[in-house]
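Below is the structure I would like to discuss, written out as structure tokens.
Letters are used for the chains, namely A, B, C, D and E, taken in the order the chains are written, and counting of residues starts over at 1 for each.
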Amino acid sequence: MEINLLWGVFGIFVLLPLAGSILSYLGKKFAIYIGIIFALIPTIMLYPFYAQNISELINIGVNINLVFDTTTWFFMLMIDTVAFASFLFAISCVKKKPEGFASLMLLSLAGANGVLMSRDFLSLYIFWEMMSWSAYLLILRSSGEYARRYLLFGILSAYFIIMGIGIFYYYTGSFLFSDSAGIPLMGWFWILFFLVVGFAVKMAVVPLHVWAPYAYSSEPSFVSFFSGGLSKLGTFGILMGMYGIAGLSILQGFGTFRDVSLFGYPFALLGAFTAFIGTILAIFQDDLRKLLAYSSIGQLGYVMVGLGLGTPLAVSGALFHAFNHAFFKSLLFLGAGAVIYRTGKYKISEMGGLGYRMPFTFLFVLFAIFALAGIPITSGFISKWMLYEAAIEKKFVIIAPLMLIASVGAFLYSFRILYGVFLGQLDKPYENIKEAPLPMLVAMGILMLPLLIFSIFPGWILEWIDDIMKSTGVGTIDYNTYSYYSSIGGANMLVLWIAFMLVFIVAMLIFLMKKARKVDQYDNYLAGESPPYVQLHAAHNFYKPLRDTWAPLLKYSIDRAYEKLSRFFVEGFEEIKKIYTENPQDYAAYLGIAFLLFLFIGWWLL
Amino acid sequence: MDLFTLVSLILIIAMLIAAVVAAEIKDLLSAAIAMGIVSLIVSILFYILQAPDVAITEASIGAGLSLAIMIFAIKHTERWEK
Amino acid sequence: MKRILGGVIAVLIFIVLALAFVHIPFGNIDLAEYHYYNPVDNEHTQDSVPQHYLDEGKKETGSTNIVTAVVVDYRGFDTLGEVTVLFLASTGVGSIMYIFEKEKRRKVRRANAVVETASKLLFGFIILFGAYIFVHGHLTPGGGFPGGAVIASSFLLLYLAYPRFHAEHKNLNIAESLAGLTFVGVGILGLFLAGYFLYNFLPFGLPTYLFSAGVIPVIYVAVGVKVGSELTGIVDAMMGVRE
Amino acid sequence: MIAVHPVLLIAIPLFFAFLLPLIGLFSKKVLKYVVTGTIALNTIIALLVFREALNSPIFDILGGFKPPLGIVLMVGPLGGFIALIINMAGLIISIYGMEMKKEPLVKYYMLSLLLLMGANGMVLTGDLFNLFVFLEVTSIASYGLAAYNKDLKGFEGALKYVILGSIGSTFVLIGIALIYSQLRTLNMLDIATRLNEMDPYVKIVAFTSLFLGFGVEAEMFPLNTWVPETYDGAPHSVSAMFASMSAKAGIFALARVIFTIFAFTNYLWFVVIMGVLTVFFGEIIAYAQRDIKRMLAYSSIGQMGMILMGLGIGTTMAVEGAFFQMFSHAMAKALLFIAAGYMIYATQTEKMSEMKGIGRNPLIGIPLLIGILSILGMPPFIGFYGKFYILMGGFSEGYYAIIALFLAASLVEVAYYARFIKIAFEGGGKRYPSPKATVYIPLLLFAVIIVIFGVYPKPIFEILSHVTTFLTGGV
Amino acid sequence: MIPYYYLASVALIVIGIYIVIAKKNLIKIIIGLDMMDTGVNLLLISIGYVKGGTAPIENGNYTLYVDPIPQALVLTAIVIGVSVMALALSIVIGLYKNTGSLELDEIRRERK
């Protein structure tokens, strides 16, 4: 059917942002404002496209077939809202060359939307690469070396995906997801292996996570979209790869271990291991952005576990956790961005007591931290709880404990952020810093809203997730608006909220009844003496004892392993360079030998 | 062994000797002259092979001009091969 | 070490090529038996290309010297390429030797009297002979290339005899360009008149007469002048520094 | 209609090349406009010829004698396409050529016009010996141009090219001699149809000699040793010409030898291996390079290796990818060489490490980025489709290991280009003089072509759908 | 009956290749290149020879002629050989002016 390019799905979600990126590059100073408009349109347009299933075929020389269904809708909701929030945040934060920022952001947004909608490998790969190199250029804005590492891993992931696509093409002769008949089991193994590893690089799974801490320490407003939004494409890819294309029956075909497919289980293990490593490393980081980066790797490890296990509960937990992660992680990054914008410092040890001067930022970061750590009343709790139950339900002895330790670790580093940055004593230089500017607060507010809503009414989001699960054939979970039930329990948010409200009221009463004494900020810890101003904010070297216990483990860093590997290759290249000896006589000898060699091969072949 | 093959063989052997001399001799001028001799003999062979046009061209360009250009080059550079 | 490597490669290539050439008959071949396939009309004919040239060459091109007919008329495009190659060589040598002309002049011994007087006499005759060769290109053996080379050797003789002699670059260039333009012009003219590039549109006249074979003598004179001036240019450039 | 004769593509540059010395006598300034005008005229004719050749191959009979008696120019859709690429690249590079200041300018313009003519000739001709003559025209023009800088690097690069080029052409002549001795004809299609009359051993030796001879020009692995020094020593506009014109003509001639004349299908397996080796060594040594033009030269070897691989794989998809890659490589590499020329002029050094912040000026930065991303095969640019189709063709033939090796090599390519981008866009560099019009106009033109056909490659794919005829021994 | 003309021309080509690979002196290498060209030209002509045929000039009343095409090809090939040699020699002179030596290994040491 002849689709009109402008109103069709492809038009709104890909062409419009592309047009926006060109327009914003032209509008030099107003780039960010143009960017906001073009980022807002897809988010708004999501509403009318809710439960629809539109498929389009566009032929630009190669045919691109796109399908807009609930999975796309769900992921697009995440990515577009985070993008819109980042743009809002960027109004005051991005001063240097805003047009470059806005155009590249819109370009990667277009790429991301394209990936979500594409239902054939060619268009998936086109949009995937477009998204990754525009992200590369955005990182390049802040530091060349970090950008280079990101690009190397980005291209590595792209080439893994190409290998997967190639083998798929070898067996089926076409790129469409749908005609995947007639592929032998071994073929499926290699296709899935390459695809999942390729997408896992984007989700920063442990051995391939080295690029993440560097990439996440570029501009805060971009990083929130980058870590919050774009890493979800990895989740989408694995979801489509394992369940959309292959389907549960093929996965089970590989044999099952405690009725979880043998293909998925090692990835679940890897996910748990990532969660563990990510959290441990996050605890000891002093730089705020690196800490958030490692914590992001840890949280995505949870999602990987869920996708790996493949039971309905696990996958829905993973999707819900991915949704939460998108919002609370980008909220955290925006919060960190606001703090950095105001204080100009990156190290946690150099900040302290900012909560008094930046109350709203403090509130938003507090709520995000609760969601991250999985405190019961927040939506983060439900998703983590679903993942625990999925692991325990199938009696996985390694994965469940690793996840528990990781979540304890998560609490540790989130407390470090809270205490190090916001609580404690307000330092001299920060006496008169103001609250973050309005657009930043609005952006953070927008991101906090869904977390709040879905922590009260998880049913709505579980309904969307249920549609996805049905469309990808994973199975169903039973839920109602306030809670979900699984074979070994469930969680009822209504009860939790009521309990919380009661406790909260009691605490307020005590506070209001004047039993509590207002303590001045500087007179604690000093047992009555009053020396001149003393800086007692001990955020420096926060978890020293814990670090000593883990010291033997921290010796082996994966980054150093990669350094050694690359040095080995570079020496090899210097050796190979010697072939071109710059002496024409050797070249003539090469020619003679080549003639004889070609002749022998020709004679032997024909 | 009619006359044709006899004359050709003699000339070919002479040509190959001149070629080997051109390859091995240290003095560049003599090497150039040996090369001139080779192309002279080749032009005679062309004549034997009933190709007069080519024989004249080879004689005038091969033996004449390329030898002259070679000697000019040697004049500009060195005469002895190290 | 390089000598051994060179020797081994040389011997191996000799063996390989000799093996290939042993399969090819020398001398006792019948030119008529190689029937060619005509790709334009897509039909296999019983006629062979060399035999066709030998039988109808005289009629189709009017020149008695079949080699000249092939060089200029049947495969005239090769000769066009050939002339470009020579033009390129003289331009290349000119552009490379350009910087060396400004070098300091070196003293050059005068040639002895015999060479001077002989070259004064012979110069005219050699040019005449060269001109004879390429003007009769379509009748007797030889043609543009050898004729041009002979003219160049006559200039060479002057270089040897008179140390201070320097052929004027500007005139050489003009002669070269005009000859080249006539050649390409004749080709384009053929294109306009008869729709084929380098078509022989002039009348053929009687076979053994001087003014026969249509366009061939015109082209061969142009080639002769061009080759002559170009080789003289190369020799002049290679002479480089002169008093 | 006169304009449709492909022979004009060769006659016009030749005519003006001969005319240049005369014009040069009167006024030196007008020369560079004459040259660009000629090439522009040539490009228009190439466009017309190409449009004509789309539906049916054109046989332009020369001298009025039907082939194989006379020489014929066989212009199929693909030959027309490559001729169009060569002329377009030549036109845009000639705008950059106007900046050339080194002495005997008349000779520079003549050599570049004739290089264009030689490349056109190699692509259009249908006759084997004529292909050899035009190979010689291209090579000798390249020798002259390579040594044009008249400095040590220029002469050394030219020397290596001369030695390897003439050995290569000797082998081509041997191949022609062998074929002629058995079939007594020189027309390619005629040879192709009567190939089985040849003695099998002689056929192989002839094929290998031709394959080797054209391999030197098409920069195949063991034979491309001359490329780095020659590209490095040559002036910037000349190396841009080499990368986009003579390399393309060389590889098309090789493709003709493999597909049109010999069509040895089970030999293709070996061509793929040579292609991958070319890519592997090209990219790896490019990583180890310190100065920019050497790096670009080795990367161009890598790209040509990829094209060779595509041709070797032999399926319609892979060959389509190979021809697409020829188009994208010509455009992107010419852009990069011109940008490199400007950078060397601006920073007065060839070492990449001392070119900090050269890319910050958007006039250079954006086209440079577009060029590099297109070479790396990033989607919205033309470089992507060629690379993707070659890979998919390779997969459908089951060359897994070879594709894996190729992907590893192109990962190395990403590494060194990213390293270069890091240096080029680093802050704190000196203030560099902004580029003149003759520099950024070609850059922008190439960048625009790369983006337009990248976003909407449908016309290119329609052209390439004629690949099947080429494969089955067509024109 | 061994085709001694073919073997002679292949021998010339092979000696040319040997010179280019083995010899260090640039002028010697160019002599080698020229020798290869002459060898191939001899090869082409000897392919065209027909026993008992005369030169392809049709003024006499002969009937059996030698094959004219290789002669046309060799005419072109000779002049190509000369022009390549002239260009190569001028490049060698240029190199000599820059480095002061004709030996390949000295030129490379010069450049380091």
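Criterion: a residue touches a chain if its C-beta (ideal position, glycine included) is under 8 Å from a C-beta of that chain, and two chains touch if they have at least 3 such contacts.
Since the model is a prediction, treat every value here as computed from it, not as a measurement.
For the pair chain D and chain E, chains touching both partners: A, C. Chains that count as touching both chain A and chain C, per the definition above, are D, E. Here A-E and B-C were compared by C-beta pairs in contact; the pair with more is B-C.
The chain closest to the protein's centre is D, with centres computed as averages of CA atoms.
Averaged C-alpha coordinates give centres for chain B and chain E that are 10 Å from one another.
With each centre defined as the average position of its C-alpha atoms, the distance from chain A to chain B rounds to 77 Å. The mean-CA centres of chain A and chain D are about 43 angstrom from one another, to the nearest whole unit. The mean-CA centres of chain C and chain E are about 16 angstrom from one another, to the nearest whole unit. Contacts with at least two other chains are made by residues 129, 133, 136, 140, 143-144, 147, 150, 159, 163, 167, 174, 181, 184, 201, 205 of chain D.
Shown for chain B are the residues in touch with two or more other chains, namely 51-54, 57, 61, 65, 69, 72-73, 76.
Within chain E, contacts with two or more other chains are made by residues 5, 11, 13, 15, 17-22, 24, 29, 46-47, 49, 55, 57, 67, 69-71, 73, 75-76, 78-80, 82-84, 86-87, 89-94. If you check each pair of chains against the touch rule, the ones that pass are A-C, A-D, A-E, B-C, B-E, C-D, C-E, D-E.
In the complex of the two chains, the chain C residues touching chain E come out as 2-3, 5-7, 9-11, 13-14, 17-18, 21-22, 24-29, 31, 49-50, 53-54, 57-58, 64-67, 69-71, 74-75, 78-79, 81-82, 85-86, 88-90, 92-93, 96-97, 100, 139-141, 143, 145, 207-208, 227, 231, 234, 237-238, 240. Note for the complex: chain B touches chain E at residues 5, 8-9, 12, 15-16, 19-20, 22-23, 28, 31-32, 35, 38-39, 42, 45-46, 49-54, 57-58, 61-62, 65-66, 69-70, 72-74, 76-78, 81-82. Within the complex formed with chain E, the residues of chain A that make contact are 582-585, 588-589, 592. Note for the complex: chain E touches chain D at residues 13, 16-17, 20, 26, 29, 33, 36-37, 39-40, 43-44, 47, 67, 69-70, 73, 76-77, 80, 83-84, 87-88, 90-92, 94-95, 98-99, 107, 110-111. Those residues of chain D whose C-beta lies close enough to touch chain A in the complex are 159-160, 163-164, 167-168, 171, 200-201, 204-205, 207-209, 211-212, 215-216, 222-223, 225-226, 228-229, 264, 266-267, 269-270, 281, 284-285, 287-288, 369, 373, 376-380, 384-385, 388, 391-392, 394-396, 398, 400, 403-404, 407, 410-412, 414-415, 418-419, 421-423, 425-426, 455-461.
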